[in-house]
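Structures for review follow.
Two complexes are shown next, each including subunit A; its partner changes from subunit B in the first to subunit C in the second.
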Partner chain A sequence: MRYVASARIEAAAPPRSSVSRIERIRALFFSSPASTLATVLLALACATLAAQLFTWGIRDAVFSTARAPQTCRVAGVGACWAVIGEKLRLILFGTYPYAEQWRPAVAMLSLLAMYVVSAQPRFWNRRLPLAWAVTLAAFALLMFGGVLGLSYVPDDRWGGLPVTLILATLGLVAGFALAIPLALVRHSPGGGIAKALVVAYIELARSVPLLAVLFLASVMIPLFLPQGMDVSKLLRVIIAFALFTAAYLAEVVRSGLMAVPVGQRQAAAALGLSPFVVTTRIVLPQALTAVLPALVNVFIAFFKATSIVVVVGIFDLMTAAKRAAADAQWEGFGTEIYLFVAAVYFVFCYAMSWYSARLQAARDPARRA
Partner chain B sequence: MRLLSRWAGALRQGLAFAVLGGLVFAMFHVTSANLQSRGIHSGFAFLWEPSRTPVADAPIVVEAGVDSYAKAFAAGALNSLKLTAAAIVAATLIGLVIGLGRLSGNALARALCAGYVEVMRNVPVLLHVFLWYGVILGLPAAAQASSWGDLVVASNRGLYLAWPGVDASGSWSLIRPVVDGFEVKGGVYMAPEFFALFVGISLYTAAFIAEIVRAAVGSLPRGQWEATAALGLPRATALRRVVLPQALRVALPPLTSEYLGIFKNSTLAVAVGYQDFMAISTTMLTDTGQAVEVMAIVMAFYAAVSLLVSAAMHVVEHRNMRWGLR
Partner chain C sequence: MSEATVERGAEILRVDRLNKWYGSYHALRDVTLTVAVGERVVICGPSGSGKSSLIRCINGIEGFDTGTLEACGTSLGRSATAAQLMTVRRRIGMVFQEFNLFPHLSVLENCTLAPVATGLLRPPEAEVMALQLLERVRLVDQARKYPSELSGGQQQRAAIARALCMKPRLMLFDEPTSALDPETVKEVLDTIVQLAEEGMTMVCVSHEMGFARQVADRIVFMDEGQVLEIASPQEFFAAPAHDRSTAFLGSLLRS
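For the complex of A and B:
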C-alpha cells in the first residue's frame, strides 16, 4: 500500500463569496451612520474640487500656443497650458544649444533605457556594469561633443532633465561605491581609528542638511584645491552629492550586513575561502538583496533632493522650471509650469516606489495585498 | 602568529592615522595659502563686527551697521527654529489625520488619504514650496485682500492671522486683522516666504508622518482593539487612551527622523529668500569672505541641533521602554 501521492494535486479555488455586491458596497461606504455621513461629505467635497479642477484645467484652459500669452490673459480663462508648449524645450533641455538638442534627448533616452534594464533581475550579471560604463561614456560623448563632428558644449550650458538624471545617477552610483566600504568598516568587529572616523563621518553627514553640504562644496572645494586646479561646478556638486548620499546608503547597507546570519561567514571561512572572497561573494550579495527595497527608497529621496541644486546655480529640471516661470512675457503662469514639472518628478518617483513595493511583495508573499 | 597579527593591526592603525594626518595637514596648508592670496584673515573675530545685512522679519531685529554678525546669526537661528517648530506641529496634526484616515472603515476616506500620500511624497519638497510661493504671490494686494471670517487676511504681502493677545482696552481677546487702506493691522504676520515654506514643508512631511502613523497603529495586535470593544469603550476613546499611546512608542524613532528632516529642509528658505540660519550664513559669507569660519558655524549649528534632538529622543525612547507594558 502506498501513501505517496502519484499526481500533483492543484490547490482548490476559494469558495465563492456569499456576500452580495450591494452588501459589499455597504460595508465599504455605509457601514454606520458616521461612515455614511463621511462618505456623503467626502464625495461632495471631491465632486466640488473635481468640478473646479476640470473647469480650470480643461474646460476654460488655453492649450494652443497660437496668440498666447494674450489669450491666457483674458479674464475668466483657466489654466494656461500653452506655456508648457512654449517652454517645453527650455524646461527639458535648459540652455543647451537649440539646434543640438537632439543630443541631450538621445543621451537621456539611453539613460532611461538603462534604468529599465537595470531594474530587471535577469540582467543582473557581469555585463551590467560594463553596459553602464558604455552608456555613461556615450552620455558624456553626446553631451560634451567635441569629437565626431559634434560641436563642443561645456557642462555649464547643459540643463533640464538630463542634468537632473546624470546628477542623480552619478551621485548615487559614486555614493553607493563609497557606501559599501563605509558600511563594511562600520560593521566590522573591533574598534580602531578607521571605524571611529567612519562612524563620525556617517553621523555628521546625516546630521547636516544637503543644502549646507552643497554650499560647502561650491565654496570650499576651490579653497582646498591647489591654485590653478579647477573643478567644474557640476562636478563639484556631483562630488558633494556622492559624499552625502554615501552616508545614508552606508546605513542601509549596514542594516543589510546585520541581517546576514553569522553562520554564512563561518561556513564560507570553513570552506577555506579568503576573507575578501567571503565578503564580496557570500556576505555582500545577501546583504544587498536583503535591503534592496530600502535602497530604492533612498534612491527616491535623493532623486527628489537633486532639485536642491537650484540654490547653487546648477541648471537642472527645477532651475529650468524656475527660469521658465520667470519669463516676463509669460509672467503669472508659474503654477502651470510647476505642476508640469511636479508631474515629471512624480512619474519617476512613483515608478521607483512601485518597483520597491513590487520587490518587497516578491520577497514577502504573505504580506502581498 | 597572534603577535604578528596584533603588530599588523597596530601598523594599519598607525598608517591610517598618518594618511589622515597628512591629508588634513595638506588641506590646511593649501587652504591657508589660498586664503592668504585672497587677503582673508582667518579667525572668528569678525563675529563681533557690525553686520552689513539687516534682518527684519525675525524675533530679534538686526540693524545693518549697528548689530553684530553674531546677533544676525542668532536671529537666523531663531527663524530656523520658528519655522521648524511651526512645521512640526502642522505636519504632525495633518499626518495624524491622514494616517488614521488610511485605517478608517470608510473606503472613500481610505482612498483619498492614500491618494494624498502618493501625490505629496513623490514630488520634491522644494517644488511644494515654489508652488505655494507662487500661489501667495498671485494673491491680490493688501487693499483688495481677501479675508475669511475676520480670522485671516491674505494678500500678496503675506498672511495676517487672528491671534489671542492684549487689546487696546488692556484685556485678553482674539485680535483680528483689519484691512486699513494699503496695509493690514493687528494679528500675527506671516511673510509670503515663511508661508510658502511652512505650508510646503508641512504638507510634504505630513505624507511621511501619515505612513508612520499607519504603520505604528497597524503594528498593534488586533487584540488591543478587540479588548477595548469588549470593555465597551467607544472607538474614539479606545484610539485616544489605548491605541495611540502604544503606537506612539513604535512611531517615535521614525517620527524623530522626520522632525529632523523638517529641520534640515528648513534650509530651503535660501531658495525663496526667507532669512533662516542658512540664508543669513550665505549672505554673511559673501559679506565677509570668511568661508571656512562661516561654513564651520553652519555645520556646527545643524549638527549640534540634530545630534542633541536624537540624543534627547533616545532618552525618551528608553523611558518609554521602561514604562511600557511590553
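For the complex of A and C:
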C-alpha cells in the first residue's frame, strides 16, 4: 500500500485542557462511593480539629500577662499564651544574666543576618568567609564579654536560642568542611592508608549513637586531658557534633561525587587543569548541586538533634523550655511552651527546606527558563 | 599562532611500539605512529579496534603499559609526573564524542575557565579570546547560554572552541560526530575542516569517510588494537592494501 500526503496540515492551536478544575477535584476526591465517604469523613475530622484548635488556641485563650496565671486557671479557659510572654526571655536566653540579655539578643540577630546574607548568591565571594569570621568573633565577644566594659559571662551560663544556633552553625559548618575532604579521600581511586583510615572513621562514627558521642565529649574527654588544660563543655560538644555530622555528610557528598560523569573529569584534565582545580571548579560544584536535597535533609535532622544536648547539661532552647515549664507558679502550661518551641524549630527547618528548593531550581540548568 | 618557532614538518607526536592491556585484553598492539606539525591524520577502523584508546593515550587521559610516547616534546609513560601531564595537556586540545561541556558553567565560562585557571590569560583577555573563538565556530550569540540549552551540534562546536582557547599545538578529536544527528554532523565537520585549512595539526578518530578524504594527509586504519595500514587518502580509498581495510570500506558502503 502506498500513501502520499495530498495536502499540507496547517498548524492549529492545541485543544483546551480537557479536564476542568471541577472535573479534576471530582477525580481526586469523589471518584467512587468509597472515595466520597473517605473525603467526607476526613473533611469532617479536619474541620472538627481545626475548630477545636481555634477555640482552644485563639477564642478562649489568654494572651495578656496581667493577673496571669490566675486568669489561666479559670474553668473553661483555653490556651495560656501568657506563659510565653512571661517566660519568653527565659526560653530565648536561658540563665544568661538578666540585665545583660541584650548581648545574646544582638549576637543572635547578627548570626541570623549572616544566614540571610550567605543565602544570596550575589554575596558568594572571597569576602564572605571574612564576614563570617568577623561575625563569629563578634558573637564570642558579645557572649563572653570580659572586654570593652562588658562583664564576663562564662559559657556555662549561656542558654536558649543563641546556644542552639551556635551549636548548629558551628557543628554543621565544621562538619561540612570536614565532610568534603573525607568524601574526596573515600571516593579517590586506589587504596592506601589514608583511605582505610577515612573508611574506618566514617563507619565507626555512623555506628555509634549521637548520645554516646556527646557523653564521651562531656564526661570522658576531660578525664584524658592533661591537668590544667580545660576545654569548655560547650566547645567539646560542638566539636563532637561536628565530628559526628561529618561522617553522615561525607557519605552524602560521596554519593554526589559518584553522580558526576567520568567524562567531566576527563574533559577537565584534558584542558591541563590541575587536580585541585578539577575538583574544586568542575567536580564539587556538580556533585554538591546533585545532592543538595540530601544535604539539607541531614542539616535539618541535625538541627533538631541539637536538642539532645539537654542530657549533657548544655542549656539550649529545649533545655530552656523545660526549665520554663518546670516553674511551680506556672505549672500545667508545658503544652503552650513546647508548642512555641516547636514553632521556632519549624521556622528554622522550613526555611532551610524552602531555601534548598529555591537554590536547586536556580542552579539546575535544565530547569532554568 | 603561538610557538611559530616550531617549523612545519617537525615531529610533534611520536608513538613507538605502544602496548596497552585492559586486564587480560590486549587493546593496543605495538602501535607505532608519528605526526608532524601541520599534519592532519584520521584514524579509522571498526569499533573496538583501539582507536579511542590510542587517542586517549596521546594526552595521558589513559595510560599504557609498554612502549614510548612523546607528545609536544614531553615523554609520557608510567614515570610521567602530574606536572608533566599537565604541561602536555595544555598544549594538546581534545574534543570528545560526548562533548563533555561543563553543565554548571555558561558556554563562555566553559571557554575561559582553563586559560584563566592555568595562568595562561587574565580574565578580560580570556573573555576576548573566547568570544573571538566562539565567533569562529558561529556561537557568539549563544555565549551566555548553558550547555543544556544548546543542540548537540552547537555543544560540540562549543567544545571545539573551549579546546582552542588553550592555544593548542595539536588537536585530538575522538569521534566528534558519532553522538550527533545526521543533520548536525555537517556543521561540526565544517568547523573541523575550517580548522584544518588554517593549518592546525590534528589527529581525528572518525567514521566519516567523506570528511577523511577531504582533510586527511594520512589515513591510519586500525583493527584489533593493531595499525594495519597507513596511507594517503587517495591510496587508501582507491586501493586499500590490507584485506581488512577492504572489508571495512566495503561494510561502510553497504550500510
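Criterion: the second predicted complex is superposed on the first by the 330 of 369 C-alpha atoms of A that agree within 3 Å, B and C clash if a C-alpha of one lies under 4 Å from a C-alpha of the other, contacts with A are read in each partner's own complex, and residues count from 1 in each chain.
FYI, contacts are C-beta pairs under 8 Å (C-beta built on N, C-alpha and C of every residue); 3 or more make two chains touch, one makes a residue touch a chain.
Since we're looking at a predicted model, the values are computed, not measured.
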Subunit B versus subunit C as contact partner of A:268, first or second or both or neither: second
Contacts of A:43 with subunit B and subunit C, given as first, second, both or neither: first
First, second, both or neither for A:201, with subunit B first and subunit C second: neither
Which superposed partner A:56 touches (first subunit B, second subunit C, both, neither): neither
Partner chain(s) touched by A:32 [first = subunit B, second = subunit C, both, neither]: first
Partner chain in contact with A:349 - subunit B first, subunit C second, else both or neither: first
A:277 touches, of subunit B and subunit C: first, second, both or neither? second
Subunit A residues touched by each partner, larger count belonging to subunit B or subunit C: B
First (subunit B), second (subunit C), both or neither touched by A:340: neither
Common ground on subunit A, meaning residues reached by subunit C in one complex and by subunit B in the other: none
Parts of subunit A lying in touch with subunit B, wherever the complex brings them together: 28-29, 31-32, 35, 38-39, 42-43, 46, 192-194, 197, 203-204, 206-212, 215-216, 219-220, 222-227, 300, 304-305, 307-308, 310-311, 318, 321-322, 325, 332, 334-335, 338-339, 341-342, 345-346, 349-350, 353
Contact footprint of subunit A on subunit C as seen in their complex: 59, 61, 82, 85-94, 96, 98, 100-104, 113-114, 117-118, 146-149, 159, 162-163, 166
Subunit A residues within the subunit C interface of the complex: 261, 263-264, 266-275, 277, 281-282, 285-286, 289, 363, 365-366, 368
Touch list for subunit B against partner subunit A, complex: 9, 12-13, 16-17, 20, 27, 30-31, 33-35, 37, 104-109, 112, 118-119, 121-127, 130-131, 134-135, 138, 260, 264-265, 267-268, 270-271, 278, 282, 285, 291-292, 295, 298-299, 302-303, 306-307, 310
